[in-house]
Every structure is written in structure tokens, then in C-alpha cells.
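Letters A, B, C, D, E, F, G, H, I, J, K and L mark the chains as written, and numbering starts fresh at 1 in each.
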Amino acid sequence: MRILVLHGPNLNLLGTREPGTYGAETLAAIQGSLRELAGELGVEVEFFQSNSEGALVDAVQAAYGRFDGIVANPAAYTHTSIALRDALLAVAVPFVEVHLSNVHAREPFRHRSLLADAALGTVAGFGADSYRLGLRGLVAALALERG
Amino acid sequence: MRILVLHGPNLNLLGTREPGTYGAETLAAIQGSLRELAGELGVEVEFFQSNSEGALVDAVQAAYGRFDGIVANPAAYTHTSIALRDALLAVAVPFVEVHLSNVHAREPFRHRSLLADAALGTVAGFGADSYRLGLRGLVAALALERG
Amino acid sequence: MRILVLHGPNLNLLGTREPGTYGAETLAAIQGSLRELAGELGVEVEFFQSNSEGALVDAVQAAYGRFDGIVANPAAYTHTSIALRDALLAVAVPFVEVHLSNVHAREPFRHRSLLADAALGTVAGFGADSYRLGLRGLVAALALERG
Amino acid sequence: MRILVLHGPNLNLLGTREPGTYGAETLAAIQGSLRELAGELGVEVEFFQSNSEGALVDAVQAAYGRFDGIVANPAAYTHTSIALRDALLAVAVPFVEVHLSNVHAREPFRHRSLLADAALGTVAGFGADSYRLGLRGLVAALALERG
Amino acid sequence: MRILVLHGPNLNLLGTREPGTYGAETLAAIQGSLRELAGELGVEVEFFQSNSEGALVDAVQAAYGRFDGIVANPAAYTHTSIALRDALLAVAVPFVEVHLSNVHAREPFRHRSLLADAALGTVAGFGADSYRLGLRGLVAALALERG
Amino acid sequence: MRILVLHGPNLNLLGTREPGTYGAETLAAIQGSLRELAGELGVEVEFFQSNSEGALVDAVQAAYGRFDGIVANPAAYTHTSIALRDALLAVAVPFVEVHLSNVHAREPFRHRSLLADAALGTVAGFGADSYRLGLRGLVAALALERG
Amino acid sequence: MRILVLHGPNLNLLGTREPGTYGAETLAAIQGSLRELAGELGVEVEFFQSNSEGALVDAVQAAYGRFDGIVANPAAYTHTSIALRDALLAVAVPFVEVHLSNVHAREPFRHRSLLADAALGTVAGFGADSYRLGLRGLVAALALERG
Amino acid sequence: MRILVLHGPNLNLLGTREPGTYGAETLAAIQGSLRELAGELGVEVEFFQSNSEGALVDAVQAAYGRFDGIVANPAAYTHTSIALRDALLAVAVPFVEVHLSNVHAREPFRHRSLLADAALGTVAGFGADSYRLGLRGLVAALALERG
Amino acid sequence: MRILVLHGPNLNLLGTREPGTYGAETLAAIQGSLRELAGELGVEVEFFQSNSEGALVDAVQAAYGRFDGIVANPAAYTHTSIALRDALLAVAVPFVEVHLSNVHAREPFRHRSLLADAALGTVAGFGADSYRLGLRGLVAALALERG
Amino acid sequence: MRILVLHGPNLNLLGTREPGTYGAETLAAIQGSLRELAGELGVEVEFFQSNSEGALVDAVQAAYGRFDGIVANPAAYTHTSIALRDALLAVAVPFVEVHLSNVHAREPFRHRSLLADAALGTVAGFGADSYRLGLRGLVAALALERG
Amino acid sequence: MRILVLHGPNLNLLGTREPGTYGAETLAAIQGSLRELAGELGVEVEFFQSNSEGALVDAVQAAYGRFDGIVANPAAYTHTSIALRDALLAVAVPFVEVHLSNVHAREPFRHRSLLADAALGTVAGFGADSYRLGLRGLVAALALERG
Amino acid sequence: MRILVLHGPNLNLLGTREPGTYGAETLAAIQGSLRELAGELGVEVEFFQSNSEGALVDAVQAAYGRFDGIVANPAAYTHTSIALRDALLAVAVPFVEVHLSNVHAREPFRHRSLLADAALGTVAGFGADSYRLGLRGLVAALALERG
């Protein structure tokens, strides 16, 4: 089972800027711990981060046929990108939406997700742990589906 | 570390009604698997289910001083109960909000949560696994807090 | 064929308070006339009234397997209770929604029903007769369904 | 006691088109059964159908002094015709609003009625039976009024 | 003259939780000072607190014929309970709505009261003193009415 | 100078129904007094009333080349007819919009006019006098335009 | 019969600024022609203009007992002054609301009047003639009232 | 293959009024060119224009069983007629919605179509060419469907 | 302790106009009774009334350093004056907002206060007694603050 | 005459993913058929597809001076890209907006186009044929313009 | 070149109250620095401050013919005064709108300006420097206009 | 002190397209004049323009540690890019938002900025001068901060 972990804009800064909101773990550290968890769960993970909506759409398209699921933290594009939604619906790879911060406790424009209703599930507010919980949830759901 | 798992209205029917939306696991089965996971994580869990808003408020008040965290699936009251929100804010016991179904893919009146912005984190859409992910997330966050 | 007639909050006061809005017939008198009509239609009726949302949810859950249809006058909970909606959807017992007064001619917050789209049909504005028309409509629809 | 039954646009197609939404009974059959019920109730009924808003307004105006009540199924004009509302208010003949389908379970623009708050009562969702229930309710209300 | 003082959900916690928002006086202390003020004003007071909407509706119904006025702090139910409004309108006992905190300075969902337009008057933001001012205002208004 | 006076739906009932809202003058009487005023002002008037939106559109189209101005009381169609607006814009005959009642003091759906912004001017609330004031205003404006 | 003509802010500039929107007649000229028309109608007129909301409120209060009617062109305060509305309701002197320009054809914030529903009638869009039509309408309505 | 071309209100004026908005081609000329194009495409066309909503509904009903598709330019009724929508849904004849002008560049009330979501496709803004493109598109889609 | 009592527009008419809405007590009488109550409470009161927003702003500015608290009944300016809000925030003198009538039971535009969230507390609906309750509440709150 | 055909995000997947929504023709096939049609119409076509908003803006800018018209299917960016709108307005190359699916029958966020009001015309819902109709319409309009 | 600097309500308090929001510079100091800058730029400046909307309207009217431009900080009236807008449009003296604080970062009712769309330009958030930047911008724009 | 000047999409076209809206100065000319002004103010400036949201996010991230302030004209992305907002908040480099045109006088979707509340200040409507005023304002604010 192969899982793509997708990071949206500004997540490359994790751990270096605004630790109060996003936590002190760097993206590299998070990815390390996800790789470790993937090992435990018996799956493979790959990572992709970009600040560009188009590059993220490209990455989702490229996932078709190569990955069984996607853990997506689309960050700001969660709220503004219909293109990303369309890509995820087009490739039809099951995905979960994760957020480091509790988006419901932030600005009103962060309360609407253009992706969530198409996701398998959502996790938000647990800091870097949101990724790990999302990965666990996705793998369990895919396993269930395969019987 | 002691955790209260709170189930809102109609969750006593789990596994017996509408399995397409809520899954085929009964509440008893879910609670069994949560007790098992709690054992793994080294914490204690207790459960409470009610169809009554007032009884849920009572249960939250009673949790003060007795529990270190709450995994709450307030079901329908998520969207209508300010009383439950006030109880959770009053006792100030950290809680996570979990939902079996993906509320973002259902009726518009399920898109607004009166609790989510006060929660530590939220998990939705993973069926019975939402509880397990929520418990993991909560325990990890409490552990982090205690150093 | 067994029918449950469900009365929401404050309907126990019928006939004694605000006759201008709700009519002069007491709840007991309405129930008497419904029992009589049930006899004519060859069905059985039982009644339940409560001021508590939770108790009404309990009653709907208990109707599962015991009743073939529900005539529900949820009164104020029509406009605020998602829990009641969820219970009715969960047990999947066909129901009709009835109101004594013409809700469309009252305050704006009474114009939205959280149940109506899930109901088999709705009747409003005929005073105590709304119950009788609702019972007739429900019994005829159930009969039709059974062929 | 004389009752006018008013059918709005497209109801002339009843029983021939979209039986899934509107039932398989033709308008002629419905009118036959209403005439029968009217006999039972000791009242006279007449019928009028038109696809034209203006013709329906004319019919309501003509009802003044000739009919004691109106059973109106204004169909699409329910949601768009202030002219029909004004006619009904002008002649002040008591009326009930009936709908074959459950309008609350359809498109949002069918949730608002421009007539309902001026009606004696409303019935919706019982298929052709909505007319029969509406007629019963209207006759009972008029009888009550006359003492 | 007999006055019922009604406390909504979570007010049993007064003085013990969130003193920054609700003040440091316990409910018992507030009730003591209200009994004292009642003595000064020559009226009797009784108290009722519940976390359950249904129980509060029951209490309002029971007030009919036994009390001349109600000082109601419906707390969270202020914003969500049409049932409570209906009960107060049904028994037609004059009431005042009081709030410890300044609801206008809090979350938007606390800005709408489902009761205020039916109240004799409203008092908010004076902490425990809101109850005392509400009692004074109610007694003076009832005295005026009786001439 | 030739002026068309256009009456929308239900205005044929003027003076016979709802005098409290629309006054006691019949349409014939109003037209008589308008003919008289037209004489004083040195212009000719013709009248047209219909309950049908289509017939009113036809009448406006027919006015092209035959009339110099229109005094329009579109009644209910004021708020619902884009077709009438389009006809008036197409023929480009200057028109004034008049209402017997004060539409701003009635139901919210009467507060929006689909014609007013295209009118030369509007008059409302003066009963039958609204027509006479509208005619005066229109004639003066046309006279001014012609120098 | 004595009539006060009230001019709101910026109307002192009439005829000198923005003739395209407001016409080329000066306020003095308009007042002259109104005095002339008043003579014809057998009534007295007085005038008051101010750019200050407070001064206009004062003028309305002073009209009590001294004037039988008010022709008010509140200009910008039409859309923003509840104080002016309260003054007009308090003195209960019948008034008509007039506007030089067609407010419905201008910015959206000019579409709402805080006074119109309390007015006897409204006239808009006829330039300076709006005042004259308003005066005629008001005098006729007052005459009718007096019999 | 037989196609009905339906023209809504005021389209009989085409080419004679407002050429800036609707073009200089008359309705007769447009119909001539459509007949020519129909010949090329090997289909038959018939035309119907009316200013009356009811007559357009009648025409749609009459199309059932006689036409294979409809090119509809409902003009003003696009935005206000649920009756027309219901007729098109009832007869279930595939239709395309066409507009001469670019409705998106005009008044906000022209931005909502009550028919578009039920149409096979839509064409707007190409002047008389919109009809020709719509006919082409409809014929191609019907041909595709028939294989 | 010195308290300023501020009266907004039209309150100079109290007792003489609209007693049904605002009560029969004149402003002078209210001020007399407030002076008496102030004596009892051991504080000084001064009064200011104006129909002008600017004059009220001036008065609030002048209160700085001279008064310890303000009892403000801003009347119509409650709903429209950001200038008054800014003045109250600028001088930072604690104030309570009082209303004679129950603003929640009146027009929708009276439901929003531009001041309430900045007030110490609010009192509404008790007629002239609102002032007295407001004064009591303010003095108690200031006393508490000073220890 | 040279025409640029612009394809927005995810259109590179055409024919391979979600044929139910977007049809079974690949982008290459569509482009082939457009090239053929262009030949018939005597114009040249070029194509550009990108998933990146910025690249599409670049392409529009580059069209200036090189193309006479644009057939744009901006896909998801239709609803979110003001940058694309600004580019199209800046280069002022006439364009038509085309969509494969009927956007009016999909999610609400697809009902608003940020480009449509600036387009020459729009075509939607005809599958791949939308492009061909758009090209025909554009070429005819440009031809007309050039006389 | 002569420039009027207009200060709205509460700006007379600058430097003495709420320095955290509005800065520590007094109005006199700001005016001194503006006079100095005016000297540098070779223009004359005059100042006017008032808390009264009417007085500000008077001042704008008086500017006609005497000033070439206005630097306006309408403070609270920015959001509520249509009268001020009308005055500025009437005199047609070019103006810039300036704010000390960043209005976009404050209460929602400060996000709407009734003047900004009529202004030459806007400056906000630079404290007292907003005035200086506004003056520079205005003078440069006027110079440009004069060639 | 080093300042980055950021230009959003389509600003590379400045001076060549739509001079009526954006002025006749080219981007190169504007940058030349900004460099000159920077010299006067004793600061360094660098420039970056892109049509791609992702590239602008990259540029903001790269500004961290290299620049003391940013003059940002995000053009269309002002209204749609949460990613840009997040980048600016993440690097926490003080920035001012500038616009050539008066955005308040344009389409409604340009009235909302997703960046303005996070900016130090905003300048709009002065054409190319907006950049120069923004640079002055930024440098003065930074100087002030540093003492």
C-alpha cells in the first residue's frame, strides 16, 4: 500500500515560523515520524510540498495509478482551490484532509473547506500529530475496504 | 490519566440502524475496542451515552476533577447545544470532538459546530475509527502538555 | 396497524392556555377523538407527550418494531431539534408532521422545520383537526404501500 | 356549502407524466374521488385548472359570492404569484393550500409559499390524498365557523 | 406577591468556575441576597435550577397560578429554546430576562434571544447584580400594574 | 399628448373589496376623475386593465407609437414581472409607477419593485389620488421635455 | 391648514450643483412655486432647511401643534436617521416623503428608507415637481380626513 | 427529428427595438435563418412566440410526443417562471436554453435561471447566433444519444 | 462619585407623546426621581439631553475627568452612531446603556446596538424605571471596582 | 484570423477520468476536431493547457497582438481567478467562455463565473461540442465586427 | 493651490486618549506638521474639526470655490454619513480619505466606507503619517491634472 | 534598511494596457522612480513581479531575514490568496498594501482584501504614486519603530 503525503503552501516553513500556531516540529521531522509510523503500519509513504496550486494539482494527477491514498494538508488552498478539488475527484484516489491548527478557531474564511465533503475523513487541531492520526485513519479505512 | 468518552443522542442505536451512514459496529463493540486501546496507551476510559441534552451537561459537569480529558461525540447536539459548549468551557477539561460520518458531506445544518472552536482538535468521517483516532490524539496532546 | 401519536413540549396545556392560537380542545379530548377515528380506520393508536427533547428521542427509538407509523406534532422542537430528526431517520418509521396553528403565519423562526423534508407529509393550521387529517393521511399512505 | 377546487399549472398532466413525483392518479380520477367525498360530506364541488396565472386570478375573483371555500393547489404559482395571493385576500373566501408532493423535500425555491400565511391550513406530501384531506379540513373548519 | 427565580444550564457552577466571566459569587450566595432583597421589597421568592430544557419548561408550566412573576436567567437556552419561549407565553406569567455577563460582548450566537421580545424587560452585564436589578424591576412593574 | 393608464391584476375589484387597504373609489370612478383631470391638463387618456401578465405586456407593446406616456399601476406584477419591465424598456415610452397603498408599510416582498428604477418617477400611498398625482407629474415632465 | 416643508442636508445647494441629478431650479424658486401652489390650494406653507440631523429633529418637534402636515424631503437622512423617524412618529403630524431624484435608480444604500413606512405617501423622481405633487397629495389627504 | 423553437416575452419586437442590446435582426429573419440551418442539419423546425407564461406552458405541454427537442429562449421568464420549468421537466423533451444578450453582464436578477440546471446546455451572448449555435448543439446531442 | 445621565434624541418629549410606548412620566419627573435615588445611594447626578449626535459626542468628551460613570439612553443613536461609541471608548468612562421600551420587541433596526458591547451593562423595557435600575447597577459596579 | 484555445486545470485528463461528467473524448481528440472545424471556417487555431493559474495568465498576456480571439475553458479557475479576468481585460482580445458540463447543475460554487460578464458569449453543457460551438460563435462574431 | 483638511468626530482628542490605537501626536501637532509639509509642497492648508455631521457638511459646502482639494478624515462618519458623501459629490472638490488606524483590522462596521468610492484615493493605518501621505498624494494628483 | 517591492499578476503590463484604469507609467518607470525615492529616503529597494501565486509566496518566504519591509501590490491576489496572507504572516516582515486604482470604486469582489487587516497600512487610488506613498509610509513607520 502506497500513500502520498501532500503539503500545501507555507508548510515548508514549519517549525521555524509561528510555532505558537503551528508547533515547533519541522517538516523534515514530521516526515521522519510519518515514515516511521508508515513502517509500523506496513505501508510506504512519499512526500510532496509546494507553494504553487498548479504544482499541487500536477502532483495529485501524477498520483493516479501510483498511490492508494493521499494524506492532504492543503493549507491555504483548502479554502480557495477548486482546481485541487477537481484533481482529487478526477483521480479518485481516497484522501484524508488534515490541518495542524484548529481551523474552526481561526478566521471565518478558514471555516469553509472546498475539499472536506469529498474527503474520506478530516483531522484538525492536533499539531503535527494530525498527520499521524490522518495516516492511521486512512490506512485503516483502505484496509477495511480491501477486506 | 482518566478519559471520559461521551456519546450524544441516538448513538445507542449504533450498528443496528443506518449502517450505511454510521457503520455496522455497535456502541458496545466500539467501547470494547476503545477500552483495549486505552490499555495500550496506559490510560483509563469511562463511557456515558444519553439522548438528553441536560443529562450530557450534567455528565460534563461531573467530569470536573475526575477526568483529564473528554472524547466527545455530541452527535446532533454538536449543531444545536450552546449549553453543552458552556459546560465544556466551564469545567475546562480538554476535549476532542469526533464524528463517525463526514459531517461536511451531509446537510448544511451539520456544517456548523457550536463546540469545535473550543475543542483541542476534531476528527470526522472515519466511522468507529474516529473515536480511536480521537482518543490517541487526546492522550498524546495531554502527555505533551504534562511534559 | 399500530400508530404512535407524539406530542412535543407544551401540548399538555392544550385547551387550557392560549385558546386563540391553539383551540379550546384539551389534549385528552383530542386523544379521545383520535382513538375514535382510529377505530373507524381499523388501526390502533398510542400517545406520548413530553416537554423533554431527550424523552421524545427515547420514545421515537422505542417505536422501532412496535409501530407502523408516527403522527408527530413536535411543537417547538420542530424548529430546533436535529436529535429528533436523527431518531426518526434512524428508526425509519414513516411519520407525518402536524401542527395545530398555521406556522407560516407566525414568527420567522417557526417557518423552518428540521423534520418536514424527511416526513411522508405535513398538515398545519386546522387546529385539533390537523391531528385527525394527519392520521387519515398516514393510514391511507401506509395502506397504499402495503398494497 | 359550495367549494371550488383550483388546480395550477401542469396539473392537467397528472397521472401521465412524472408519476414518481406526482403519483399515477389522473386529474379526472382525483376530481371523481373528490366529488364522491364531497357527496359524503354533504357539500358541492367545482373544479378549475389553468396554466395561466391571469386565468387563475380571474377564477378566484369569480368565486366571490359563489363559493364558501377554496381548495387551492397553485403548483408553481405557489412560489411566484403575488397576484394570486392578492386575489385570494381580496375575495376573502377561506382557502386551504394543498400540494401533492412534499415541497420541503424539493428545490429550495419551493420552500417559500406566497400564499400559506393567508391560508386557513396547508396539506402537503400525501399525493392525490392531499386534496381529499384538504377538502375534509376545509369543510370541517367552515362548519365549525358557522356553528 | 410571589416570584420564581429560574436558573438555566450551568448556573449551578456559579462562583466555582470561570469567575472572570461570571463573577465569584456562588448560586447559593446570590439566592441568599435575593431572598434578602425580596424581604425588603415585601415579596416571596423561590428558586429553580436545571440543566435540562424539559425540566425548565415543566417548571414554567408549574408556575402558572402559583407565581406572579418570573426572573429568568435561561443562560444557553436563551439562544436555542423555542420550547421555553412557548411555555412562558402559554402561562402568561410576566417575566424579566437577566444575564450575568454582557451577552452583546460575546460570541455572535449569544446576540439573539428567543425570549427577549416576550419579556417585560431585560438586564445584562451586571454580574450577580443583574438578578437583583431584575427582581427590583419586575416587582416595581407588577406593583404598577396592580395600581 | 396621449397617455395610457395601465392597471394590473385585481384592480378591477377596486372599491368593492378591501376598502381599508385600497379605498372605496371604484376603478370606473377613478377613471372618470382621471379623464376629467386629463381634460384640465389638455391631454387624452385611455385605460387598460388585466389580470394577465401577458396581456399587460401586449398592451405595453401596443402603446408604442400610439402613446406619449404611461401611468402604470402594475399591482402585484410590480414585484414579480421582469417581462413587464422588458416591455416598458423596449417601447421606451416614459412611464410613472403608481400605487394606491403605501407599499413600504406592507409585506417585505412588496418593498422591491422590478420597474421603479426604469420609471420617470413613482407615487405611492395616496389612494386613488396616487393616479391623479402620477398623471400630473407625467404630463409636466413630458411638457418640460418638449420644451 | 398649515403645512411645513422640510428640506434635509445639501438641498440648500439646489440649482447650483449637480443639475443633472437634481434639476436646475434653486431652493428659493421651488419654495416660491410651492407658496404659489399653497395659495391655490388655500393652505399656508413654511419652510425649513438644515444640514444637521439634530436641527431637523428639533424642527419636527416644534411642528407639533403648529402644523397640520409635513412635506419632508429628508435627503441623505432618509436612509440613516432613526432619530428623524422617531420625531415624526412622536409628534404624529401626517407627513409625505418626497425626493427630487428617482432613488430607486441610484446606489443600493438609497433604496431603503427609514421613514417611508410611517409616511402617508411617497413621491420620487419628478425633480422639483415632486414637492408640488407631495403638497397636493398631502392637502387632499388631510382634507379627506377632515371630511 | 423535429425541433420546437420557443420565444418568450418581447422577442416579437426583435430587430425593431433596442438593437444595441438585442441586435438588428428581426424575429422573422432569425427564424428564416434557423429554417435554413435546420435544412442543412436535416431536421424540421417549428416556432412559437408568446408574451404569456401560460401560453408558453401550454406550448411546452403540446410539444410532448410531437417534438424531439426544444430550443428555448424564455427571455424574462427565465428568471421568474417555475411553471415553465415544471412543464419542461414534465414533458421531458430535451431542451437548450439560449439568450441573445450576455445575461451575466446585465442586472443581478438576470443572473439566476430557473431552467438552466434542467437544460441540456446553455448558450448566451452571441445575438441571433445564439439560436443557431443552440440548434446545432441540440441536434448534435440528440444524434449522439440516438447513436 | 459623580454620574452623568445622558438622554438622546426625542427624549425631551417624554410623558407628552406616545405614552403607550414610552410611559407617562416626563423627563423632568424621571430626573427628579433619579436625583432622589442618587441621594439615597450617596452619589451626585447631572443630566444632559440633546437631539444632536454632535452635541452628545461633545457631552461625552466633556465628561472625561468630571464624571465617574455615565447612564446613557442614546435612543435612536443607539443604532446609528459610531461617533458616540468612539467618544465613549475614547473617554473610557464606564457606562450603562438603558432603554425605556423593550427594543427587542420593536422594529428589526432597533435590535442592533452599536454601543452595547462596550457598555458595562444594559437595561431595557422597564419604562422610566430602566434609568433607576441602570443607575443602581452602575453605582454598585463602580463601588465594587473601587473595593 | 487566429484563435487561441485555452484549457484550464485538469482538462489534460479529459477522456481518461470521470467520463460521466466530462465525456469520453480526449483533449487531443477535441483539439483535432477543433483544428478540422477551424479549417472549414478558414481560421487558424492554437492550443494551450495548464494546471497553473499563473501560466494561464502568462498565456493570455502572450496572446496580445498574436491572436484575434480566445476560446477559453478556464475550468476551476472560472470561479476563483480574478487574475485571469484581469489578464483578459488587459489584453482586450475578445473571448468566449465554454464549459463541457452544465455548471448550473453542479455545486453552488460553480454557479458564479468571474469571467462571464466580460466574455463575448458563453456556452456550457454540450460536452466537447461546447468548444466547437464556442469557436463557431466567436468566429462569426469577429467576422461581423470586421464587416 | 489651497487644501482643506477636515477632521471628523473625536479627532480633537488625538494624542490625549487611546494612544495605542490612534498614536500619541496631538491634533495640533499633526496640523503643525501638515502646515510644514504644505510649505514644502508649495500649497496652503486650512483645518476644520467638528463632532457634528451637519457642521462637517456645512464645511464641505463652504469649501466650494475656496479650496482645490480636501484631505478628509471623516472618522466615525466614514461609515454612517450619506450626507457627507452627498456634500462632497455636490461641491465636486477632489478629496482623499485618510484614517489614522487600519480600519480593516477593526470592527466589521468600520470596513464599509460610504465615501471611498467617490474619493480620489485612500490612505489608512499609518497613524498621523496618513494625513501627510494623503496630502502628498492629493497635491501630486491635482498637479498632474493641471498639467 | 532594505525594502522589497512586490508586484502581483498583470502588473508587468503597466503603461501598455488599460491606461485609463492603471495610468500610463510603465512598471520600469515606476521602479525607476521608486529607486530614486529610496535613495532620497536612504533605503535600498528590490523588485519582484510574477503572475503566479506560488512564485509570489516563494518571494515572500525568501524575504525573511533579507528585507526589513515589503511594499506589496498583490493585484488580483489581494482578493483571492490566503496563501499570500499566510506567507506574509509567517515571515512577519512588516508590509504595506498598495493599489494603483481605487478598488472601492470597482467590482464588489475587489472590495474585500484578504491581506489588509494584517498590513501596517494601505494606500489606493493614486496611480503609480500609490507605490511612492506606500514606500514613504513604510520607511517612516519602520524608522519610528526603531526609534
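Heads up, the rule we're going with is that a contact is a pair of C-beta atoms (placed from the backbone, for glycine too) under 8 Å apart; a residue touches a chain by one contact, two chains touch by 3 or more.
These numbers come from a predicted model, not from an experiment.
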Task: Number of steps on the shortest touching-chain route linking chain A and chain J - done: 1
TODO: Give me the fewest steps it takes to get from chain A to chain E if each step has to go to a chain it touches.
DONE: 2
Task: Identified repeat of the A-J interface (over half of residue pairs identical), from F-H, K-L or F-G - done: F-H
Open item on the list: I want to confirm something about chain F and chain G. Since they are copies of the same sequence, is their interface symmetric in residue numbering (over half shared, so same) or not (under half, so different)?
Closed with: same
Open item on the list: Centroid of chain C to centroid of chain H, CA atoms only: how many Å?
Closed with: 46
Open item on the list: Averaging over Cα atoms per chain, report the distance between chain B and chain K in Å.
Closed with: 55
- [ ] Would you mind listing the residues of chain C that make contact with two or more other chains?
- [x] 52-55, 80
Task: Pairs of chains, among all present, that meet the touch criterion - done: A-B, A-J, A-L, B-C, B-E, C-D, C-E, D-F, D-H, E-I, F-G, F-H, G-I, G-K, H-J, I-K, J-L, K-L
Task: chain G to chain I touching residues, read off their complex - done: 52-55, 57-58, 61, 64, 80-83, 85-87, 89-92, 114
Task: Residues of chain D touching chain H in the complex - done: 8-10, 12-13, 17-18, 50-55, 75-77, 79-80, 109-110
Task: chain J residues touching chain H - in the complex, by the definition given at the top - done: 96, 102, 104-105, 113, 116-127, 129-130, 133, 136-137, 140-141
